[in-house]
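Data block below; observations after.
Labels run A, B, C and D following the written order; every chain starts at residue 1.
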Amino acid sequence: MENTEEFVKRYFDKSVTDRERAIFEGAIALGAIYHQFVGTPICKSKDVIKTLEEAIKKTMQLQPYRESIEVKIHPNLIKGQKDHEYDYETLKGKHLDIKVKAKYGSARASVRMRYIPEIDFTLMYIEKLEK
Amino acid sequence: MENTEEFVKRYFDKSVTDRERAIFEGAIALGAIYHQFVGTPICKSKDVIKTLEEAIKKTMQLQPYRESIEVKIHPNLIKGQKDHEYDYETLKGKHLDIKVKAKYGSARASVRMRYIPEIDFTLMYIEKLEK
Amino acid sequence: MENTEEFVKRYFDKSVTDRERAIFEGAIALGAIYHQFVGTPICKSKDVIKTLEEAIKKTMQLQPYRESIEVKIHPNLIKGQKDHEYDYETLKGKHLDIKVKAKYGSARASVRMRYIPEIDFTLMYIEKLEK
Amino acid sequence: MENTEEFVKRYFDKSVTDRERAIFEGAIALGAIYHQFVGTPICKSKDVIKTLEEAIKKTMQLQPYRESIEVKIHPNLIKGQKDHEYDYETLKGKHLDIKVKAKYGSARASVRMRYIPEIDFTLMYIEKLEK
């Protein structure tokens, strides 16, 4: 494991700090989650939502240096009750509230993605840096 | 519900049979599943695999006229044990064995997608038609 | 080529007609296009839209038995002019009008996907069958 | 535009430097490109490859603070010549060589994604930092 990381480090600019690397890894996760899962069919059912939240969390946590991932899909913004065959929606950025904590060496970056109504945009941002 | 289907039917060619409509709906599901979920991080962990299988099944079942969906991700074709940070893979067509049963009116179409080694191709096909 | 098709045919239910196979192939294309490309960043720029339309058309035409694919992304439904950094959108089903003509043997199926405001749904349907 | 950025900045940890923000934006692009486009049908045809490269570049450049994006899809790693109906492949990480230059304030981050055979992994890394 350490050997793999030593090998990988050669590709990185020498001046990259642990804190910058933590930011890098967290940001990749946000871009990845959005573009992998947007478009998935979804409805207000708690069971469907919880299962998708779990799948996003567990699969995306496999990428390097993710310490934790919290996934919240907002059911109140989803229109479908699945009352008839065409009554469902597909996942959009505005439904998502994602927090990723990435850790590299002694540094931690907490990054987040959520919809900001004032700018009508699903914003990705660095919420908190430790160290 | 019936009203929605009556409305929707106007868009379809008048000569479409129930059997053809069932094929149509099943085929959409196969194309959708492949192109939505390929690329998702995955490893040999049974827990990760089972959670992703469940999410695929429950979300894709929301689309119209899916009677049942079976999702199998083959762990033996996945390389990662997540022994180190870069030890995982992303979902590819060859990992998938998907069966979708679509029902429309009195007709049922069972369609399937799975990797066929002889042609090195993840084939989508109509396995069984009822009526 | 014929040999590959002969091999592949063994997987299909024996009662499948050419017309049903054409429907099957067209439907896969619709499901695939939606779930592959929804989520892609997009803005009102004609150049960006045209390039994405071309890429969808040319890549999705590689799948089996697609005779032609027409891709139209509606610029009037897209909000961003890219006047500032956060002024763009991501591709949604409602932006798309896709026609796929699939041909198998002597049969042709023209299938389509487009947003239907009355049901607030991006409907996939069989527009026309020949033979 | 400046007003939007001032608004957005409130969401970020106060200690984030321009250099860290540039890394953040570049990293999002890498995660986004991989998970948006992996799975797209592809073959050795130069025309198909070039069109997809262009579409990736132009759409992903719409996200904030991307100064430039270079997209290279390696045709030699793709198996299909489209000699018969099933003779094509779908885009995988190993086909991609992507360089993103993100600029924020006076800082630039050049980040890259490409397949590294020694670790059988499509690595994302920070290639060069300016300032």
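FYI, a residue touches a chain if its C-beta (ideal position, glycine included) is under 8 Å from a C-beta of that chain, and two chains touch if they have at least 3 such contacts.
All of these numbers come straight from a predicted model, not from anything done at the bench.
Colleague: With centres defined as the mean of C-alpha atoms, identify the chain lying farthest from chain A.
Modeller: C
Colleague: Looking at chain pairs B-C and A-B, which one is connected by more C-beta pairs in contact?
Modeller: Between A-B and B-C, contacts are more numerous in B-C.
Colleague: Just how far, in Å, is the C-alpha centre of chain C from the one of chain B?
Modeller: A distance of 17 Å separates the two centres.
Colleague: What whole-Å value do you get for the distance between chain A and chain B if each is reduced to the mean of its CA atoms?
Modeller: Chain centres of chain A and chain B, defined by C-alpha means, are spaced 24 Å apart.
Colleague: Could you say which residues in chain B touch two or more other chains, in rising order?
Modeller: As it turns out, chain B has residues touching two or more other chains at 4, 8, 34-36, 39, 86, 119, 123.
Colleague: Give the list of chain B residues in touch with chain A in this complex.
Modeller: Against chain A, the touching part of chain B is residues 1, 4-5, 8, 36, 39-43, 47-48, 51-52, 54-56, 58-60, 62-65, 80, 82-88.
Colleague: With touch defined as at the start, can you tell me which chain C residues reach chain B in the complex?
Modeller: Contact set of chain C toward chain B: 4, 7-8, 11-13, 15-16, 19-21, 23-36, 111, 116, 118-119, 123-129.
Colleague: Where on chain A does chain C make contact in their complex?
Modeller: Touching chain C: residues 34-35, 38-39, 79, 86, 90, 92-93, 119-121, 123 of chain A.
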